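What follows is one structure encoded as structure tokens, with my remarks underneath.
By written order: A, B, C, D and E. Residues from 1 in each chain.
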Amino acid sequence: MADLHFLANPARFRRFSRRVLPALSIVTAVALAVGLYWALVVAPPDYQQGDTVRIMFLHVPTASLAMGGYLLLAALGASLLVWRHPLAALMARATAPVGATYAAVCLVTGSLWGRPMWGTYWVWDARLTSFLLLFFLYLGHIALSRAYDDSERGDRAAAILAIVGAINVPIIKFSVDWWNTLHQPASIMRMGGPSIDPSLLWPLFWMMGALALLFATLVLLRTETEIDRRRLEIAENQD
Amino acid sequence: MSGVGALFLRDLRLVWRRPGDVAVVLAFFVVATVLFPLGIGPETNLLARIAAGILWCAALFASLLSLDHLFAADYEDGSLDLLLLAPWPLELAALAKCAAHWAVTGLPLAILAPLLGVAFGLDDRSLLVLALTLLVGTPALSLIGGLAAALTLGARRGGALLALLALPLCVPTLIFGASAIEASATGEGFMVHLAILGALALVSLATLPWAIAAALRQAGE
Amino acid sequence: MTTALLDVSGLSCRRGGRRVFDSLSFSVAGGELLALTGRNGSGKTTLLRAIALLVPAQAGQVRWQGEDVRADREAWCRRLAWLGHQEGLKGDLTVAENIAVAERLRGHVPEPARLQAALLAFDLDRLAHRPVRTLSAGQRRRAALARVVASQAPLWLLDEPLNALDAAARAALEAALSTHLAAGGLAIAATHAPLAGARALELA
Amino acid sequence: MSGVGALFLRDLRLVWRRPGDVAVVLAFFVVATVLFPLGIGPETNLLARIAAGILWCAALFASLLSLDHLFAADYEDGSLDLLLLAPWPLELAALAKCAAHWAVTGLPLAILAPLLGVAFGLDDRSLLVLALTLLVGTPALSLIGGLAAALTLGARRGGALLALLALPLCVPTLIFGASAIEASATGEGFMVHLAILGALALVSLATLPWAIAAALRQAGE
Amino acid sequence: MTTALLDVSGLSCRRGGRRVFDSLSFSVAGGELLALTGRNGSGKTTLLRAIALLVPAQAGQVRWQGEDVRADREAWCRRLAWLGHQEGLKGDLTVAENIAVAERLRGHVPEPARLQAALLAFDLDRLAHRPVRTLSAGQRRRAALARVVASQAPLWLLDEPLNALDAAARAALEAALSTHLAAGGLAIAATHAPLAGARALELA
């Protein structure tokens, strides 16, 4: 939190991000390029799934990162409500759409994967369903933070939602698991093979890192634009 | 440009100012649809069997929820008086407002519904029929809901009671909407259902604007 | 003597089963401002709404140039500009948009110059592009008055137009009224404060 | 009498002055429920199978529909300022208002639901469980919906946004409510489900009033 | 010299990112009526809301008998009676019920005699059992004022209390104010019309 305290001031954040962003963007681009090449070209096709397994390299990292992103959102909400850090609001605004996009990418890649694997785009599996609900929590956050003229009000309302949502995510997950074990699903499906071959595991780890870097880059970039937008808003208001 | 067009555009512009609003209605539609499997259980066969009913029900909820403020906002901020004092028939104003509502809810719902139908395991033909029935049926929902919204404006008991009557008016639309999809799923023809649905929409279009206008005049008193 | 354009004769109104006023008669000529006064609850708002046909009269008639206004409701609406207790402004639209939309609803194509003049008259030019939601009580009231001025309707019906206005805005309103009257317009205003140049009608 | 009690009683009295509002919510519940047999067809087995889910979903929608105005009315007429200025914790005010909402929707829904369950061919034991789960689960719905209502105060398109925020949070309640009935129908024990439902309600009771109060304070600014 | 009970020092407020006023300082003693004046949008309403802690101040303090009021919010609320632009009356309850409920919400048990006196002061006795929904604008405003009088709070915060009031009601308000002040009470009123016996504070 000490870092966050230090960066709470938008001007200081500006200086920080100016210094960090260029390097970060380059590293991200290189990591993504290497990762994609590794995942799409170098890694061997799966003996069962063939080339469709390559979807995994996008699917699995976006899933974990979207879940982690919601925790970040809740932390930002708490630091807005408790310490009134002005930057936390702007960062939350920047984070939510990125997280939602990651969640959407995971859903879409999962569906595309599901078609060849299960013969259908969607099944009401516990993990899929609870992830879908997480996506809705993101959407609610985005909608709420934009529902007011006074953007500061939207920020604080969304912060309350993020915190309550974070408490609820485990409960939702638990209840959905319970739900699906009660009724056995009709289709035969299990996510992932029994074990993943190292030749797939390493590119997966790499992609995880690269997409995490991308997440950070996007959040920083969007925070900058949010700062600009807020500045503009204030300037406009000053008549 | 005529006053009616201006009213229609004003309402669209009010929505445009907050594009999130449309997204919210659609998101609500999606969430509501998702809740049913959670309540009922994940069996694919069972879900495909009741998908039509669920999707139509969720569409009804989404349009009713968003209708709540159709006239209430105008009533509370005094804009309703300006509509009552506009130099053209109030029936047209009612129509314009319902049309604007349909354009930002019914229409997107009809486009979005097939995507959800996929999750319920509907086949391609049923998906098409689903979109068609929503396209034809939702105008009636907007009008009926508009009547209920007008009746409950500043209502005392009478208005609430009439709104109670308006809800069952949605039932025929729902029945024919859902059964058209089912008919198509079981391979029967769905054109009859669709035709009846169209007829219901036309009847609503021909009668309800008058009822809504009458209810609005009451509210202005 | 100017001939009366507006003629109210034998008007009676009830609200919620209660008699508000009975067989009220008066007339207003072109260039005249009628101030409705009277204690709270004496029926000023009700009378204004009855003239605008927003509440039905129990008995009696409202005539414009000798003709019952109920005969052609639309023509009558075209002659009216209305300011109620509630301003009728949309919080999400800006001041300028609100006035332009109101013009369109009356079936006019808004002339930018006229709108601009109305905004200037109430010192709203700097607020023209603010959403109405962010205005103070008096600023909203001014915006609604600007809408009335922009309408160019011959008859203004104003319910407590002075509410929440500061001294500058009051002066602006009186100036706008006298321009309107000088051009042969009519105005009826319910008010508790004195209005310059008005003929008073006290409701009992 | 304390201020909290006074607020609770005031809200009950306001509803009592317009009994139609409760009637509309209940009618909505009935219409939404009855719609499914109409849309799906008359197979008794199928209907009994999905009854729990449908009834719970309908109850969820009905309580959200009526939550829309929980704080909005106070916000618009200035009463919210008086609540914010009351010399006792705002958390208690939030609780009192949600309790009043539950008393006029959750409670009647729990009483009404078994009657509808009969139409779906539920057995007597399941009917009892249905009423029990609604009784225990609806307080959580009122509180979650109350939070969504407080968060959306002053936002446009309140109704739909409210539902979007509340629905995902209501999922656990819905799942355990519906599965308790199903467990009882298949002869399993339902007490575990009921206990979890109760725990969910208690957790909501212990945490959400704070969140609601925080949201209301924002709205007063 | 009376000592000031209420002390406002260095208060600054923003609305929607816009500065409304900056480092405002003043104090009000027992028995004093402060009239906030200033043009529309100068921040009168915002100042009243900031004193009541309904909007957070950017900087500065409000002190009561030397103590920051944020230290004990509930005690502060107990000292306030509030009248906003919106009356805070429930349309479906009668006037008497509205006032009684408001008293209960403040944690008091309403004394019938006191409520009756407050109603009488604003000539509302005949309207006491009418639902507020059916009242005229001025009648509603009177009912809200009666609620303030009935509260017996030492500090009254009134936002444009004269709005929509007729002459009799204005006199009644001034009488109620002078009784309140004579008993050592304080009042701050945002207003555009002159208020008898008030010290004016003009917001720029």
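As a convention for this text, a residue touches a chain if its C-beta (ideal position, glycine included) is under 8 Å from a C-beta of that chain, and two chains touch if they have at least 3 such contacts.
Note that the structure is predicted; figures quoted are calculated from it, not measured.
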Set of chains adjacent to chain B and to chain C: A
Each chain counted as touching chain C and chain E at once: A
Far-end chain from chain E, centres as C-alpha averages: A
Whole-Å separation of chain centres (CA-atom averages), chain A against chain B: 34
Chain A and chain C, separation of their C-alpha mean positions in angstrom: 55
Between chain A and chain E, centroid-to-centroid distance (C-alpha), Å: 49
Centroid spacing, where centroids are CA-atom means, of chain B and chain E in whole angstrom: 45
For chain A, residues that touch 2 or more chains besides their own: 133, 136, 139-140, 143, 147, 149-150, 176, 179, 182, 239
Shared interface positions of chain B, touching two or more other chains: 14, 18, 20, 24, 27, 31, 38, 41, 76
Residues of chain E engaged with two or more neighbouring chains: 16, 85
Interchain contacts, given as pairs of chains that touch: A-B, A-C, A-D, A-E, B-C, B-D, C-E, D-E
Touching residues on chain C, where the partner in the complex is chain A: 91-92, 126, 131, 133-134
Touching residues on chain C, where the partner in the complex is chain E: 15-16, 38-41, 44-45, 85, 134-139, 141-142, 160, 163-169, 192-193
Chain D-touching residues of chain B, taken from the complex the two chains share: 14, 18, 20-21, 24-25, 27-28, 31-32, 35-36, 38-41, 46, 49-50, 52-53, 56-57, 61-62, 64-66, 68-69, 76, 152, 155-161, 163-164, 167-168, 170-171, 174-175, 178-179, 182
Residues of chain D that touch chain E when the two form their complex: 1-3, 5-7, 10, 13-14, 17-18, 76-79, 81-89, 220-221
Chain A contact footprint on chain D (complex, rising order): 147, 151-152, 154-157, 161, 164-165, 167-169, 171-172, 175-176, 179, 182-183, 200, 203, 207-208, 211, 214-215, 218-219, 221
